[in-house]
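Common to both upcoming complexes is subunit A, partnered first by subunit B, then by subunit C.
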Partner chain A sequence: YILYILIYIPIFVFVLLRKLIKEEGENDFQEELVIRPLHSGDIYASFQFRTLWETDFMRENKVSHYRLFPKSLGQVISKFSVRELHISFTQGYWRTMQWGQPFLPSPPGAELWVWFQDSVTDVDAAWKELTNVLSGIFCASLNFIDSTNTVQPSASFKPLGIVNETDHRFLRYATLPREIVCTENLTPWKKLLPCGSKAGLAVLLKSEKLFHSSFFSQTVHIRPVCQDRECKTTSWELRQTLNVVFDLHTSGQGKREWSLFKMFSRTLTEACPLASSSKIYIDVTDNPQEEYFELSPATPLLSQAVVLGDRRTFSVYDLTQQVTFGTVRSLNLLIRWKSTEGDMLRPLLHAERYVAGYGLQTGEIHTVMYNNHPFRSFPVLLLDSVPWYLRLYIHTLTVTSKGKDNTPSYIHYQPSKDRMRPHLLEMLVQLPPHSVTEVTVQFERALLKWTEYTPDPNHGFYVGSSVISALVPSSVAMDTNITQEQPLFSSFFPCKEESSYFVRVYTEPLLVNLPTPDFSMPYNVICLTCTVVAVGYGSLYNLLTRSFQIEEPNPRLAKKIANFIRRIRGVPLLS
Partner chain B sequence: MAAPLTLLLVVAVTIRAALYRSSLAEVIAERVEVVSPITAWKRVIEGLALLDLGVSPYSGDVFHETPLVIYLFHFLVDYAEITFMLADVISAIALYLAVKEYNKQVVRKKQKFALEADRYPQDCLELIRSPKEMLYIPLKVAMFYLLNPFTILSCVAKSTCGLNNAPQIITPHCFKISFAVFLCLATYQSIYPLTLCAPAMLYLMQRQYIPVNYRRASFWWFVVQYLFMYLGSLFVLICLSFFLLGSWDYLPSVYGFILSVPDLTPNIGLFWYFFAEMFEHFRLFFLCVFQINVFFYTVPLSIKLKDHPVFLMFMQLAVISIFKSYPTVGDIALYMALLPVWSHLHRFLRNIFLVSCVLLACSVLFPVLWHLWIYAGSANSNFYYAITLLFNVAQILLVSDYFYAFLRREHHLIHGLYLKKKDGSEATLVLK
Partner chain C sequence: VAYLCFYSVQLSNMLAAIIMLIFICFCVHFQNTAGQFFSSGHTNNWAVLVCTSRFWFNYRHVANTLSVYRSVKRLGIPDSHIVLMLADDMACNHRNPKPATVFSHRNMELNVYGDDVEVDYRGYEVTVENFLRVLTGRLPPSTPRSKRLLSDDRSNILIYLTGHGGNGFLKFQDSEEISNVELADAFEQMWQKRRYNELLFIIDTCQGASMYERFYSPNIMALASSQVGEDSLSHQPDLAIGVHLMDRYTFYLLEFLEDIHPASKSNMNDLFKVCPKSQCVSTPGHRTDLFLRDPGSVLITDFFGSVRKVEITMEAIHLTDPILQLEDGEEVQEKTYSYVDQLPVSEIIHQKPKQKDWHPPDGFILGLWTLILLVFFKTYGIKHLKHIF
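Our next item is the complex of A and B:
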């Protein structure tokens, strides 16, 4: 009996304790690396790390036991009643025409957009505090986000997680195109991962190789997601993605041969022990019979996924299986090219933006959108946020497609207020098939106060990228079933219908010069202008307070002194 | 007199119409010397476009006109050119009639003077003008206004400055208190014509033979009547504007903008560079100083010139044009049009050659240095600022010179033209 008691009581206590602690909910962590060789010889690597946690941040008693979900972000969510948070730091510009569409687009610089819960009463105060806290977490200068670069888009940037109702008063969007990304931002980002940079795919993230690339982007996305089709249970999803494009000539030394060691100067030895799945996907769609490049070590696993409207085939390496690492206990993928044939799929939607005009007084912003679909037209939503010191004239807005006028069906324009908020222009434009649509708007450059210029004023001022959001017709049926197991990189944007997929395209940021005053002259200017005003005052004062008199000549000084002495002596004065 | 005036009007309208049709119209409409953030036509169109989009024109910082202007141009936007030409024509006719009226009064005074000629020194008879000399002055004034390049540029640029000038010119022509409405209209558009209240009141009192003596009840009664009329119509206009757009948004956008000068677009005035280079700590102080500077010459000038309200009006118009927050060449054209009325003062003017040379040179240099700064990039803002300073100094010298000449002529009328010192040699007059 004593034996039974000794065995069963601990088990009973253990089960009871587990039931009590169960309130923390399920934690799940997955990591993934997708490598896509690009047509130009460059290589695109996208890391995705996802943590799912079934918990409720918004309940009364605070969550205190964090396991895989980082505590700093969890506290941010509960303190500021955040419903969705999307932040990205990008260095470089994504060249859509050469590289195709990215899995997750991001604009150059820093971008932050947040949906707050309906319970927040003062969204602006929460936004200001949130940007400062995030600035501390990511060691970035997000504190420069204030009302002069924050907008509330009315139609773009709908929530990507569970959608209840969307009152855009709870949405805030801001970009800092001037923000630079460096190791300082990568380190705190890596710290948010459950395994840190010690195990799993994150060991590859070494800054000396990552920042020596054509394009680098690290993002954090937090949103509530449904766990099943009826959405009875919801959990919080934290996705961290890192996209990097290595250049053939800078990182590849001109040789079309890429390996993990060449890209990241590390090889993989184990998966993250806390991860439920850890996989590497290599895009081999263009290489069915291995005629263009050869992949080693060979892997039997093959998977297909519909990503960006196209069915792609991937070779999969499962890092949770020991056999993947082979006898050397380390995985160094090698992709060697045999020939340079093959052409790239043209992206269906891409956009450019530039400033036209000359001189420092006026200019024109041109946004050019290309619809490369041969026979389908689709609407796009264009969001433009222009700083207040470029005064837009909305009556000069023209939208032309194929040379003819193309009136947008929806325009939401919020004019700027000097030193308070920027311009916000949102338009729904229908792009005809196989056409180029050009949106132009004129602006006037303002002269700012001398303290409002940056320390290098002749560098210019940045205007954030335009955002073009569209549902692009897909050539392959998309899967709308959210519960099915899909690779992370293909399941970021929610898919509502089968025939189209969601695409967001960012244009280039603009660099605009403003006329500058002379910064060395404040004292001189004040003195000179006050002198001119004083000249006016002085002459009018003279004429108002004095009257005309006949001038009697003043006697010479010598005569004056002589007269003075004579007066003392009592002798008659000189004339 | 009607025929030469009609001919002048026809010529002026032809010049303006010709310029409207040419490609120069767009170039002129962009020039910062001719248009300011308050008067630009581009901004009027922008305000109307915002209204069409369903957004209040005052929610942004581009549109700074009064609601009545929106209302007016809502109907007249297709006939804008005709509206501005008509405004110029009406201003010219009003000037013509006003100066003619003034000349009649001067002749009457002169006759009174001639009757009492024995009380005054003999030699100042040559200072008095004959009616024959004064015959062509109204025509000259109308010509100075219509054919002044500044006015033509302002009209071709469709700057609403022309619309602001028209009520200011009609004011001196009034001989009924009910014409205070026009002054009220001018004040409603930009705040500065408020200072024209004093000369208008003094002129009316002179016409109605009310003595300007603060001890007399009739003086105060007149002042109260005029102010009641003026403030009443101002109140009516402001409430009307509120009902037009349904909100008070236009008050900070129009009047707050004029008074607090947030927009530092370069113009021919003194404010823009001063506040671009101002230390933040002192900004409010200097803003108040500069704004008070426009208003506080009214009382001293009124006291000194209470017997000469038309000259007082000229001085006030000049002070407003030079020291207002966003001046344009249209404002300058307004007071320059009145210069022929004082053509008899030319013998006492001291700096007229220097002033006219500087004004001419600066007018030519403005576009040159603007091009060098903004387009060529080989000059910087200091060049344009320097020309601004010179231009304003020249204007101040011009105005003070005319004031000096006026006061000196008055002095000579009383004390005689050829003055002698105690020892019999020729005297020099100084201000002491």
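Our next item is the complex of A and C:
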């Protein structure tokens, strides 16, 4: 008896203590990969990694025990009182007309937008420090984000997470279209994952294959989300997504046959042990009876999801089940095409942007938006952020649809200040059905000071992409319940109504040439000025101050001896 | 008996003296080995590797820097102690036929870019100002740790520069240059602030020896790939990539370093012999007069590797008890949260415009109104003034 008491009392005490000690919130990690064959023969792979953590970063006692959530990001959130953080690094431009809509859109270069908490007093200082810290975490030159390329949108970029009220004073948005993405950005991104790149789907992320693609994008999204249907408690969600489009000819060698090994030069052997779910989805909607392509190894699991306004069917591979890997203990999906027929669903909304005009003084920016829906019109919010050295003439702003004037129902314009602030133009435009809407504005190029040019000014200067946010009518009823059973790629944008879904389209960035001076001119000017001063002033000075003295030529030897004797005698010398 | 006592005392004295002598010999021996253990005097290693050239045809300078980075990482210096500055991106350049790779050998044998590279300063950030700030430690307070050189007075630092240079200067990014006087002054600042224990400076540019002529701080050893008046040449082009892959000096330096492992005993004299004139076409130079130790006793791994010295202490350290956080009590949440509408059209249209801050009227407006008033009173006479005021 005494023995039993001795054993049970400590266990009892331990359990009591555990109840008293505040338990760390639940950690949950899910990973998934979606593969969508595109109509042009390319293939689109999208990785999504999500970590959910029930904790409160804003409380007084600092969070000190991190398990699946990366510590570097947790410290950033608590130090800068960040409510939402969205950062993306993209190489290449997403071709909407050929590839359809992406699951998560991103503009070329680097994009960062952050919602701060209401308690932050100096948002600009916090923003500056935050960009510096993030540039160290992601090995990117995000420290070039300053007041000349940061804007504060007034209606776009509403928070994607839980929020009490939205005061746009706490929002900051910046893009760096020139930012290069390479292995040094992928390495710290992979380190943020709980399993790193050692197990699970992240094993496939090899930089030599990923950067040899038409489009590569890696993003990090942090936001507070509802934990369950009632939404009484929130938890922090960290989503890391990686979108890549492999080209048929450069990576596929022209053959229309894709496999995991061909895309990533790796196969899968296990799921991440820390993940609660690890799945691969292959989009087979266009292939109901396997007439276009053949998928091997076959899988009995099928799932349907409503994504981007369309009901799609997916074949699912569950990596947590050992049977998925078969007898060879590795999974190499193979998609082989039999015929090349079938057409693609035209995207309902897409946009283009270009610079018109000639010469190095003036120009015109044209933004063209296409509404391909046959009978429905919908509103779009256009956000344009133009650097200060392209001076926009807003009185020349015209918005035309189908040849007629289309007045926007909301315009917000903030003019630029030289070397301090860029232009910000936000417009809410109603796009008529089956139409083309064109927004044009004229600009004039400014002459920069010679120290403000980059070391390669003849490359040109970049203007960031326009952002078009729209509520596009969907042909299928969207699911407005936020449940956990939805696959990750379809549950990113919260859905409020069933008849439309939210989409964000980015246009191309622009490359404009500014009048470039000849940088050897300062050297030329210094040489010329010094020469002129030396020759001109020098001669004048000589003329004014030089006095002439007559000097006898060297006397003959006899005269020299005679003068010598005369000097001894003390008698005046011969001239 | 007295003689016996005397002799025994003498004998015991002698014995004691002999024992003392043997003991002292042992002590000296121990001290020698201990001294050897601590002879280099450094406890941590840092590396600052800079490539200063931009544009695709300067691929070889990036390959130079990355091959030194690779050797230094292989020999043990971690990424947190390496400040890598690359002025342009060659790996993901659109002209690179094999993206995410930088090769150092023809036929693409060795990819020096690797899979876990971390570049701290890249692109336009590589400027003379940033380089000097990194060296002297005068960085803005919000600079992250990975971009700082956090060395102390027991750090051995390896500094490697490559790019285009001339007699007394090194060109940064085709738009500015650093002179040898500035560099020497920066090293003197580092010495005054005790930011290094010993410094190894390697430079691979044309007329590289001119860059170390002006050093005057102690404990610096310098190597250059060519003397004043000579050009450093590139090694071999790759026909698939279309550019020269490496410079000769760094190519042979990389080959030499590939044979070094963390426990090797090669010293600096071997490093001075790398790339003689027959292989390099230029004459490599070195400068050791400012260095206090003999180069023959300096190990290569003192600078290229990261050999940690351990100091043993006998003190006991008391760990604090872990903090137990008690629950605040059950908080009953009454309110429900919800997501925000992403595009609330009616809300946007009826948005109240932001309260613009009131600014006093600008000088222009004031001047305009003064002009209008003056003209008014000039035409209509001054007697109307009393109607206004």
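Everything that follows uses one rule, which is that the second predicted complex is superposed on the first by the 504 of 575 C-alpha atoms of A that agree within 3 Å, B and C clash if a C-alpha of one lies under 4 Å from a C-alpha of the other, contacts with A are read in each partner's own complex, and residues count from 1 in each chain.
By our rule, contacts are C-beta pairs under 8 Å (C-beta built on N, C-alpha and C of every residue); 3 or more make two chains touch, one makes a residue touch a chain.
What you see is a predicted model; the values in this text were computed from it and never measured.
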| item | value |
| --- | --- |
| Contacts of A:327 with subunit B and subunit C, given as first, second, both or neither | neither |
| Which of subunit B and subunit C A:136 touches, first, second, both or neither | second |
| Subunit B versus subunit C as contact partner of A:549, first or second or both or neither | first |
| First, second, both or neither for A:535, with subunit B first and subunit C second | first |
| Which partner, subunit B or subunit C, touches more subunit A residues | C |
| Contacts of A:253 with subunit B and subunit C, given as first, second, both or neither | neither |
| Touching partner for A:446 - first (subunit B), second (subunit C), both, neither | first |
| Partner chain in contact with A:470 - subunit B first, subunit C second, else both or neither | second |
| Touching partner for A:388 - first (subunit B), second (subunit C), both, neither | first |
| Contacts on subunit A seen with subunit B and repeated with subunit C across the two complexes | none |
| Complex interface listing, subunit B residues touching subunit A | 30, 32, 42, 45-46, 48-50, 53, 55, 59-62, 262-266, 270, 272-280, 286, 290, 293, 297, 300-301, 304, 319, 322-323, 373-375, 377, 380-382, 385, 389, 392-393, 396-397, 400, 403-404, 407-408, 411, 419, 421-422, 427-432 |
| Residues of subunit C defined as touching subunit A within the complex | 54-55, 89, 91-92, 98-101, 113-120, 122-125, 140, 142-147, 173-175, 324-328, 333, 335-345, 348-349, 351, 354 |
| Subunit A - residues contacting subunit C, complex | 17, 20-22, 61, 91, 128-129, 132-133, 135-137, 139-141, 143-144, 154-155, 158-164, 166, 178, 180-184, 187-188, 206-208, 210-212, 226, 230-234, 379, 381, 409-410, 428, 454-456, 469-471, 482, 493-494, 496, 502, 519 |
| Residues of subunit A that touch subunit B when the two form their complex | 358-362, 388, 391, 393-395, 411, 413-419, 446-451, 515-518, 521-522, 525-526, 528-529, 532-533, 535-537, 539-540, 542-544, 546-553 |
